[in-house]
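Below, chain A partners chain B and then partners chain C, in two separate complexes.
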Partner chain A sequence: MSLVSELPVHRSASQTGHQDRAWAIAWNPTKPLLASCSADKTVRLYNYRITPPSSEDEPSSYGEGLKFELNTSIATGHAKTVRALAWSPSGNTLATGSFDSNVGIWQQVGGEDEEGAWECVSSLEGHETECKGVAYSASGTLLASCSRDKSVWVWEVLPDADFECMGVLMEHSQDVKSVAWHPREEILASCSYDDTIRIWIDDPQDDWDCVAILRGHTSTVWSISFSPDGDYIASGSDDRTVRIWKRVTQYKWDCVQVLEGYHDRTIFSVAWGEGKLGSLGWIASASSDGQIIVYQVNVKGGIEVRVLTKAMSAHDVYDVNCIAWCPRKGLENYLASCGDDGSVRVWKVQVGK
Partner chain B sequence: MAFSGALTLTDLNDYITPSQSCIKPVEIKNVPTGEGDTAAATTQIRVDQDGSYYEVSVSDSTGNKPGAGGKRLETAQVSLNDCLACSGCITSAESVLITMQSHVQVLDFLAENATHDPMSQKRKIPIVSIAPQSLASLAASVSSPSTTPVTPRQMLHRIETFFSQVLGIDYVYDTTFARHISLLEHAREFFERKVQSVSGTKGALPMISSACPGWVCYAEKTHSEMLCFISRTKSPQQVMGTIVKSWLASKWSKNPDQIYHVAVMPCYDKKLEASRQDFYNDIFSTRDVDCVITTGELELLMKEKSWDVSVPVVNELVPTLPRTPPPGKSGTDSDAALPQLISHPGTSSGSYLHTIIEAVRTRHRLDSSRQDPPDLELSVKALRSADYEEYTLTDKETRRVVFKGAKCYGFRNLQNIVRRVGKEAGVQTGKGAAGRLVGGRARAVKKTTGGGDDANLDYVEVMACPGGCINGGGQLKRRELTKVDTRKDSEGYQRDWNDTGVNLGSGLGARWGDKEWTKEVERVYWTERDLDVQTHAEINVFAVNMLRETCQCDAPGLSWSGSMDEKAEARRRTLFRTEYRAVESGVDGLLVKW
Partner chain C sequence: MNEIYNPNPTILKTAGKRGTRASSGLWDLDEGLAGGCGLCDDHSVSESIDQNEVFDLVRFITDPEHKHMTLEELMVVSAPQCSVSNETNRVLIEFTPTVPHCGMSTVIGLTLRVRLLRALPNRFKVDIRVKPGSHQSENELNKQLNDKERVAAALENPALLIVLEECLESAQNRVRGHAHQ
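On to the complex of A and B.
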């Protein structure tokens, strides 16, 4: 794995030189855009283009690369840290979750052709305390958010940047750290400081309902990610393990693999991407120990996981807070990360060597 | 601590739950300390066998024998008023509520009251008022599918008998007359606001109902921008307080503090409502409602006194005879009577919306100059579920929308109504940051032109519980199957259901808030709606008489919607209306580290 780009660091406007931590990153699913957010309350958008192999832009001999450029920095107006980011599947809307408890909905004003400014078109209130995660469903018609107030909210996305609350799910007994949607179905997963992962569906007879509780982690579950085929979930925890859960029946998930001994400290983020090898793609995990580890996943009877590559001290001595695989065709081996040093880094996983 | 009978709010899916932080500051009094306390740099806290805490200085504890001396530390206490003034929790610090207003409190009062001479000023008259939703819940709980269902009227008789025979409480009322007053005043306020709205006053419409204390509390703490829309009319519970302490008391030549008023409610948050400063009488140091117990707590109280409420009592099918006023006081028999079990067609949460709809229709008829004015057409549209419905009154001829109202139950729908009302009325919802966020909205969003009418809401009936008050947090759980031996099958044979894989889910371990059960209670609630003893017109006469007496107005031909002289109107406002205030959050979530 090689570092292909280090993007400009988040700096607080008022205090030059002071760096605030970067909390999350999100690749736009349809456009060459990468978004990051930070404790400095801004969201930064970077454009990127693919550079030819061995060009001047990328002197290394790793083949083609990505060249990044700051597109814009949005001063969000959030009163506190912007903690989470999510692009809608169309790539036209960005959702931000902030410690000020609100979720902001951002769209570019102006037409398709002109490059307008990003503006907040809606704000979703309801959480009592810090919002920690946001996620769009695969169809883009639902948005979920979670918070330290122990609740998960499901919103329906309506025309004219309007939203309607579909459910307030209050079954976690502690801080909810993150939410993730199934890649095709309307199945929502959430993970929490209560050490569990919960699976939610829209019960046609009732409201949104918890249909499964995944127990196994012995400490806070920080991050969850569905496999691209939707049959598995990877979860990263403060217990320093990554667990892989298999969907055995419609709403039943069993833990089929525990990856332990790889990280020495809390795992803050897991991401399951298509990858370029292996039948089930690649899982990446990022930790407070500074490592980013990439695992290749295969199914041979059972599930088979092996470490493909890793980056030590990915953000120097700092925690790595979030990692994300590029979802765009042909770029599945690019991984972005961000950390407490305030920087966003993009990594390329080499195959075949 | 253990809670009494009923489940607590947090067990439920769509209820407002208390938040994590209590911000009640701990007061530390700066008492001048004697010598020897100067080296207080290092102290330890010691706990003795009774659970008391002592602060011991380290040097001291080495000098003396371990555990001796030290300063006893006071326990920090959170009172109900602290909870109301704080925005740390959303609705209720439940354990505080339970200890301050519980059935044990009622028993303690009765025991204490009995020590005073019946003729002394200190001896209070206990009065119980019970909500019709509580009666329905109790009636449903003792009805079995095989027998004739018990009606709310029968249940009221049984409860009256219980209070009078077991606890010596002679005055038991249901709160439907209070609700009737509340509805009259509510409709009156609606038309006041309508006039204001027409003359351009912002914040007049839509009017939002105020009977749900969970909603009121939530709005005060997190949506202060909604407060202007909330009806100022007192809820039935608090109108009952007015009736009892201001009207009945004066008829019985009693001071308000010589009456002890217990309300039985389907809701825990009614305890919070009763404790509001607005309902405290400073002169007599008494509250309009002294103690609120939930339906579940009443059931527990009866169980503790070994009273079987499933057993019929004498004459339980006939209306109760008028009660006699307390002995030794002036007044006739009728001076203790209130109209009983008045039905109000509409919703089982008090029919606020339907009352407004009827009032608008009537007003429309009266305002028309035509001989035979056309009635308005009512259409109902369910938005998502029965808990969020829109009611529209349309002029049949002009197709003009005359009135648009909504019924909105449950926390989730409440969020949507807040967003909708905020948008329609052009007020900013949410706190500061959110306001800054939506700056670019107008420019950014191109409105897609949708079909349908664009009329804004005029009225909203809001209840925080899904299903409304009939499914309130203080109601009884689904009928327990314990009376029936569940290990026997329908033919009476012993069966181990678990072994045979039969799922008894319909009864055992079913989540409370169960929709089937709510439907059952709802059904019982409406069983006698056609058996009213008095018509609404007759009751209105009674109500206006009360209005005259309490507001001291002798204008002839007075009706509830009519106006009285200035002084009397001021009294009306004090007696039947209230106020709300925004509670600012003092919590900084970021102070919590993780």
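On to the complex of A and C.
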């Protein structure tokens, strides 16, 4: 019942490094690697290892921890800000979306040993203006990208770093801010400056089709995240609310919850993770107000959401731009964040005891 | 930049000096707004700032269309249109486009934002809006000027950056000049 305060959120690592605003972070799904990207046009990769409880790095009360070190800083060659990042499900490929309108595809050349350098193996050109989001489908066979040019592109991932455009989805009336794939099915969600979320599927008879428009937010929708079971979507908006949408029929999504009054500036990022408690896991939201808030989600008849914990000035006085839950087994209570200070921080949400 | 949106703007005769409080007397019309600036913290700690200081940062920015005139002279900004909260670290400027169809309003808003980004302590969150009722595309303008991703992308556009720097040059020089007086 009690609202847990800052204490259980423990900053287990802090990395300053980017020379400018850090826009996005992404955990590698299979390897101990965390990536961040920035207006400084670089991508930084951090290795991490699990440290035992009560090592000198980690107060014993916090249990095990993670220790980070910089693996490499990649000068991407993008001509402008690197805005977005996505790892392929295999963990072998990293996609970057840049304000220079291109999507970069990065792989470690010379085998998968730790020494192999990351190189750009492909550059996807198609967007007319800033690319703002990239995402791999669960199978890794499709890559989606979105842009200020109002379009979403779906690319098929072919062997030898080759990509083929499968569809250009043009129904948003303004910038498309972000894209996210369903955790199992080939269902794509996009969110926009036009205040809507759109759901897309590959029509076997035709092209990619918009099968649903989710209306309710009263300003730009910055970020969307599917629940781990795929039955819900969380969205974060400039209207300062988080909305939770439930899949009620195959292609119909209804808003079942509005979380308002928690943030008092734009919400830039939402992330829905497995968590360690709660039947539907944990949602985290991050905002220009400096807060990261973690909500626990349960289903008891309806959906039940309560604040589990929060970090007030997560990046000191700066905006928090992106948050991401660690997808690796056993580390579901680790959350990474990045902000306008250029730093990447990793948080541990303490449970039990 | 080819179209002229306001060939004959109304011009305010300014005292031409920085920090003049007398000018606030010219703004009786804006009393409502000035009253809304009760956010200002009088019993301030050393680092707190007030609306006049914010105004001083932006008043000498020149208009992108009328390059020899400042935003103060064109009555685009005034001290009462700048509000500050030192408690919540917020700064809000509500500027008045010279005409309700002014196509330069985005650029003016950007110059205000960039000036404050460069000059204010990092702790301040800045909101730039047009004064309610002063522009026919008020909501669209406000949304655009406060979308930090669009602002960030605009600032990576070399052609736009040249225009912004021209507008800002005078503001930066005159504050610097004052420091030597």
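One rule holds in what follows: the second predicted complex is superposed on the first by the 329 of 353 C-alpha atoms of A that agree within 3 Å, B and C clash if a C-alpha of one lies under 4 Å from a C-alpha of the other, contacts with A are read in each partner's own complex, and residues count from 1 in each chain.
Please note the rule applied: a contact is a pair of C-beta atoms (placed from the backbone, for glycine too) under 8 Å apart; a residue touches a chain by one contact, two chains touch by 3 or more.
Worth saying up front: this structure is predicted, and the values here are computed from it rather than measured.
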Request  = Once the structures are superposed on A, label A:A39 by its partner contacts, choosing first (chain B), second (chain C), both or neither.
outcome  = second
Inquiry  = Applying the document's definition of touch, where does A:Y318 land relative to chain B and chain C: first, second, both, or neither?
reply    = second
Ask   = Is A:I201 contacted by the first partner chain B, the second partner chain C, both or neither?
value = neither
Ask   = Between chain B (first) and chain C (second), which, if any, makes contact with A:D175: first, second, both or neither?
value = both
Ask   = In this superposed model, does chain C or chain B come into contact with more residues of chain A?
value = B
Query = Counting only touches as set out at the top, which of chain B and chain C does A:R265 meet: first, second, both, neither?
reply = second
Inquiry  = Contacts for A:E125 in the overlay, against chain B (first) and chain C (second): which applies, first, second, both or neither?
reply    = first
Task = Would you check which partner chain A:S288 touches, where first means chain B only, second means chain C only, and both and neither mean what they say?
result = second
Message = For A:V256, using the defined touch cut-off, is the partner it touches chain B, chain C, both, or neither? Pick first, second, both or neither.
response = neither
Message = Output check: A:P159 vs chain B and chain C. Expected answer is one of first, second, both, neither. What do you get?
response = first
Remark   = After superposition on chain A, the chain A residues reached by both chain B and chain C are 80, 99, 129-130, 148, 175, 193
Request  = Name, in rising order, each residue of chain B that touches chain A in their complex.
outcome  = 13-14, 17, 19-20, 90, 222, 411-413, 415-416, 419, 429-434, 436-441, 443-448, 450, 515, 589-590, 592, 594
Remark   = The answer for chain C against chain A in the complex is residues 89, 122-123, 125, 143, 146-150, 152-153, 156
Note = Given the complex, residues on chain A that touch chain B span 76-80, 98-102, 104, 107, 109, 117, 119-123, 125-126, 128-130, 148-150, 159-161, 163-171, 175, 193, 206-207
Inquiry  = If we count contacts the way the header does, which residues on chain A are in touch with chain C in the complex?
reply    = 21, 39, 80-81, 83, 99, 129-130, 132, 148, 175, 177, 193, 219-220, 238, 265-266, 288, 317-319
